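What follows is chain A paired twice: with chain B in the first complex and chain C in the second.
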Partner chain A sequence: MTDSVTTRPRHAARTGPAPRRPGTPAERSWWNRHQRTLAPYVFISPFYLLYGLFLLVPVFVGLYLSCTQWAGLGAPRWVGLRNYRDLLTDHSFWTSVQNTTLYVVFTLCVVVPAALLIAQALNARGLRGRDLFRLTYFMPVVISPIVITLVFGLIFDRQFGLFNATLHALFGFGGVDWLGEPAWARVSVVILVLWRWTGYLTIFFLAGLQNVPRELYEAAALDGAGPVRRFWDVTLPALRPVTAFVAVTVLVNTAQIFDEPFLLTQGGPGESTLSVTMFIFRAGFQRQQLGYAAAAGVLLFVAVFVLGQLAMRVLGVGRSSR
Partner chain B sequence: MTSVTATSRAPHGARRPARRKPAGRALLYAFLIALLLVFALPLLWALSASFKSRGDIFSYPPQPLPVPATLENYRGLLGGHPFWGWLLISTVVALMSTAASVALCSLAGFAFAKYRFRGQNVLFTIMFSSMAVPFAVIVVPLFVMVAKAHLTTPYFALVVPWVAPAFGIFMMRQFVEQSVPDALLDAARVDGCTEFGLFRRVVLPLLRPALGALAVWSFLTSYNSLIWPLIVVSDPGQYTLPLGLQALFGATGRQYDLVLAGSVLAVIPSLLVFFLLRRQLLEGLTAGAVKS
Partner chain C sequence: MTSEVGRRSVLRAGAGAGLALLAAPALAGCGSGSARAVTEGPVQISMWTHDPGYIKTFQSAVRGKALTKGSQFDYRMRFTTAAGTDIVTRMMAQAVADGDTPDLVGMIIDQFPRVMGARIAQNLFVDLSETVRPFDGRLLKLAPYSVDRIPYGLDSDNSVSVLYYRQDVFDRYRIPEDVDTWQELARIGERLHEQHRISLGMVATGDNGSIVNAFLQFLLQRGGGAFDASGGLTLDSPEAVEVLEFMARGVRTGFLMALPDPYGSACAAALKSGRLAATVMPNWYNVYGLQANVPEQKEKWRIRTLPRFSGGGHEASTLGGTAFCVLKDKPNTQAALELLRRVYLTREGQLLRYRSGGFLPTLKPLYEDAELRGITDDYLGGQRVFDVYGRAVADLPIFYQAPGMQILIDVLGGPVLSALQGKTSAAEAIKSGIRAYRQQVKR
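Right, the complex of A and B next:
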């Protein structure tokens, strides 16, 4: 009995007129009248507050610091553009730029096509276990980079590692110093990047492929186009927006690569795997050259910005795709 | 003539659509399963190695299974190191970031999707382009600011600067546009719903799958983050999980045995979150990319 009594009014309140209906002039306060114009500003304000405090202010402070010499204590000493001049002649900095370029080129030329290939395979009609494959390939990005690099450190181990053991068993040679030899260390970092990011990029291509209408393929097949031809003439043009998105994301992210070389090789041996972000980290937080680190940060920003814009032009992001 | 009799004698081949070539299929599955192993093996390897004794981890040739299996590594880690403390801080920080960014991003995404206001395009461009600012540019000044303000505690430094990622706002905007009909909002307004009430009673319930995607993305980003915590958190009593493992690994001669056990335990929450919300995450991540 009591149940029906209590539920009734609640039900009535939900469907019927709301108890405080805006209509009586006394209740239409200033906020009530203007809320529709002001609400969006209120809704976005937290973002811009945080944006100002934690992005805009740091960018300008960074620009200022990049023209100073400062170890974190006392007042920064103004040195003008000297940090930039020093950077351009700093051998370590150029090494880090070269390594980062290698990582970016590798990701664009190997990881992205590999992801596309895997997506193409996963998109096969009537494939069983697609979800299992897709999820397992994606898993590496879910896992803490420190765990991943730790495991890969074990696998790459010169004496006891799985990699050398497998090579030895298969081809009778082994003993590659994966992490200790400069050239191999770069290969190791690149393998790790491949392992960690391919599955992540695959899901973007797969989503793009699933949006390509089947009729397009059927029409092309009727015209006598083979699978390779269909891939070039149907799949690739249809995937242009996704490819552009993936390429720009990869470019911007890989230019800032830190986790893989830092954890796997600490930038070594020597500086053979050092990335630009690692260079900044080392200068700022291990050598207390905060101004110098800020200047390198500004250069990285300019490079990423220019390259990103260039890539967007070339790939036509924002242009209509058809 | 001969070819016709040949096909009619093989009823299996005739009944199947011409497209499906068994050899091609087998090759496809072989390729996909090989990849499955490539992606799963390192983790299974870690799982297996975490049950090996310190000496067995570095035996040659490497053994796939831990024989004899031991819990020594787990005992050593949990007994000798504040593992649960690290896990607690990491989890609390990640949950705080997740709650805040889900709220802030969906609110802002709703505003950009369903209102027309002055300066909207400029504000949107500013928001969107902030994604291209490299972390390395702001890291030094941000650290200086946080340190000068004595706010290096994980609950502030690892949370507040990162709770409104532009990526999340963009993602939420796409979803609100797709899944919230204007008519529904107008109907609620007629019923006297306030603008915030619209968000809470109409938009949020419709956005539930997208919120899941954003939540798991925020959680994982926070839970796994390394470089910023490494810079800003200096007190070992406030280490997050990655910092704790990094310290264990870096400082005293690579304690592989302990770190392996820690890694296995550390991965459990992220895999759990991932598998619970996998569908939302994958669909949410790709929603923006495919459309634009």
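Right, the complex of A and C next:
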């Protein structure tokens, strides 16, 4: 073994031989005396500095701000838990919570299953133009928000919109005020969410589907399982880790939805499509109520964290499959 | 003596160093700037704006030298362009962090209320009272940018609302171009819509800002308003109810077209299709609305002063604007203030602004200026536009803002829309908006 040749005794490694030491220990520089102890900390310090500066500090500053009244300039005034108390009685805040809940439920119940079904269709053997379909489904994610605003503003317009024109041509009616009627405005936002994110989620499911062994399908077919049975008994169980990951990601992301209602309706008409993040943006950057916005942010964080943890436990994300 | 350094002490030292690192910029921000004030010679003015039109204006002012002739400063400009909301946010962040704020900042009118509370305007901007004193009564549009009656910004444009109308459509359907009152035009508009599906105006039904702006534009003309000079809410008025009733009836009968906003794709479609043949909008809508969306309708559009409300009010209204403010206590403050004065408070500066961006003068006497009166607009069929603007400026309402303006817009949008859709009465909508405003503004 080479250990006996190359490894120094333990005490030697700790203290280290000093071939040339000027003077007595008291005369040595502070760094010389402590470098062995400090060196590991110096090496890992960049991570901790960045971690502290960009993660811990904002979190604690946010917590502190949530207990203050601050317009953005001058010294914040400590108000304790007043912002939280006001939030709980703020009708606008609860409207935004309800709207966000609707978006989350819709995304989980409609967008995720739709993405799975599209992925299943794209994974079919012998499908022609598969790449074209993939490109088409993925495109909404990369299209500029400005274009989305213009195009969907026109699609949903009551008088000049494509939707109403189509409805009128097909069914003889088409006077739906998609963006002006509160209930329809919410529907318009979820349609935009469906259009924008289904293709993106399809990519995840498609990757998962391509890893399901063909033998499992062949075995199920030999046992007499039809396409529906194979989907339920082979595809879904095999996709469970992917589905769990997608569901948790979608839950956390949709709880912080901002783009779609902001682009399409700016939270209107009234506050009928306002989401919690838009509420925070409005309080912070339109009304200069930064303490109030921080308090809403803290509540959103707590809600997302708790829901995310619950979903991860229920769906078993991160647990090794047995 | 052993000097063993433990893990805990190292972490403590690290935490201390980290805090010191974090505190450094904050402390630096608290200290007064060490740079000396520039009182003459070369100076580079840092300007933030959202609109390339202002960049063009200031570039022309500095390069042309005619405007800066005789100044003790030799100006250079450095421009930063950002979205209107971001400009205010970043300026305040800079003010808190290290003081690297602009020397001149352009603030859209709806962003100014953000600095009206918590003494932000007083702490950031130069008090322009002395600068505007020589123009007593002759300088328009100071009110929206005043806090406690002290002006902190000079508007770039008078934003005078006029009636844009398609002269060819008016000719075709024999609509008189000089209809005296809104009520009369509404009667004509109802018939026109019934027979030809053409509307003579629009209301916004999209976001709260557009909804409330369209309402306020009519309300100001009628003699009402959102706030008074001291920031008190004045919305609870018979004029507000009357105007909202007028708008709701207009939507119901088709005289007014309901569109999400006056600038988007739906409005462009309405203009292109010819179904929108008239609209009340400010002077800047000529370039940003009509010429941008329907260049092919050149020479078909004209402007006139607004029909009056039979119950009273003004001959004109106003909507929008962007003020420029000078940041105080900076090395370039004096130079920036001098530049702003030359570009915004001189005849030559105001003419330059009109030529470079179509911004209407804010100095009232200039509406009688022969050079301006002679200007014709090609898009408007060679019309002498200052004949119209001159009459409008003679009877222009004053628009006041308050720190709670954004809250009012947020809470009033929904009720106004409900009234426009006929779901609630105008009186109930106004009441509901005021109630919600009073609840929210307490915070």
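By our rule, the second predicted complex is superposed on the first by the 270 of 322 C-alpha atoms of A that agree within 3 Å, B and C clash if a C-alpha of one lies under 4 Å from a C-alpha of the other, contacts with A are read in each partner's own complex, and residues count from 1 in each chain.
Keep this in mind: a residue touches a chain if its C-beta (ideal position, glycine included) is under 8 Å from a C-beta of that chain, and two chains touch if they have at least 3 such contacts.
Here the structure is a predicted model, which is why all the values come from computation and not from measurement.
Engineer: On chain A, do chain B and chain C fit together or clash when superposed?
Structural biologist: clash
Engineer: Considering only the touch criterion stated at the top, classify A:Arg33 as touching first (chain B), second (chain C), both, or neither.
Structural biologist: The answer is second: A:Arg33 touches chain C but not chain B.
Engineer: Given the touch rule stated above, what does A:Pro113 touch, chain B (first), chain C (second), both, or neither?
Structural biologist: neither
Engineer: On the A-aligned overlay, A:Gly72 touches which partner chain: chain B = first, chain C = second, or both, or neither?
Structural biologist: Both partners, chain B and chain C.
Engineer: Have a look at where A:Thr265 lands relative to chain B and chain C in the superposition and call it first, second, both or neither.
Structural biologist: second
Engineer: Touching A:Leu150, do we find chain B (first), chain C (second), both, or neither?
Structural biologist: Both: A:Leu150 reaches chain B and chain C.
Engineer: Which chain, chain B or chain C, ends up touching more residues of chain A in the combined arrangement?
Structural biologist: Result: the larger residue contact count on chain A belongs to B.
Engineer: Classify the contacts of A:Pro213 with the two partner chains as first (chain B alone), second (chain C alone), both, or neither.
Structural biologist: neither
Engineer: Tell me which partner A:Gly161 touches in the superposition: chain B (first), chain C (second), both or neither.
Structural biologist: Once the two structures are laid over each other on A, A:Gly161 reaches both partners.
Engineer: Which of the two partners, first being chain B and second being chain C, lies in contact with A:Pro46: first, second, both, or neither?
Structural biologist: first
Engineer: For A:Val59, select first, second, both or neither according to whether it touches chain B, chain C, the two together, or no partner.
Structural biologist: After superposition on chain A, A:Val59 lies in contact with chain B alone.
Engineer: Following superposition on the C-alpha atoms of chain A, which segment of chain C from the set 20-28, 38-46, 56-64 or 92-100 overlaps chain B?
Structural biologist: 92-100
Engineer: Of the residues on chain A, which ones does chain B touch that chain C also touches?
Structural biologist: Shared contact residues on chain A: 37, 41, 48, 53, 57, 72, 150-151, 154, 157, 159-161, 285.
Engineer: Report the residues of chain B in contact with chain A in the complex, numbered from low to high.
Structural biologist: For this pair, the touching residues of chain B are 19-20, 28, 31-32, 35-36, 38-40, 42-43, 45-46, 49, 57-62, 104-105, 107-108, 110-112, 115, 117, 120, 123, 126-127, 130-145, 160-164, 166, 169, 189, 191-196, 199, 220, 223-224, 226-227, 231, 241-242, 245-246, 249, 256, 259-260, 263, 266-267, 270-271, 274-275, 278, 282-283, 285-286, 289-290, 292.
Engineer: Okay, in this complex, where on chain A does chain B touch?
Structural biologist: 17-18, 20-22, 32, 35-37, 39-41, 43-44, 46-48, 50-51, 53-55, 57-59, 61-62, 65, 72, 118, 121-122, 124-127, 129, 132-140, 142-148, 150-152, 154-155, 157, 159-162, 165, 169, 195, 199, 203-204, 206-208, 211, 241-242, 245-246, 252, 255-256, 258-259, 262-263, 276-277, 280-281, 284-285, 290, 293-294, 296-298, 300-301, 304-305, 308
Engineer: Could you list, by residue number, the parts of chain C that touch chain A in their complex?
Structural biologist: 1, 3-5, 10, 14-15, 18, 21-22, 85, 89, 92-93, 95-96, 114-115, 117-120, 123-124, 205-209, 211, 257-260, 264-266, 269-270, 273, 275, 406-407, 410, 413-415, 417-418, 421, 436, 439-440, 443
Engineer: Which residues of chain A touch chain C in their complex?
Structural biologist: Contacts found on chain A: 26, 33-34, 37-38, 41, 45, 48-49, 52-53, 57, 71-74, 86, 90-92, 149-151, 153-154, 157-161, 177, 179-181, 265-272, 282, 285-289, 292.
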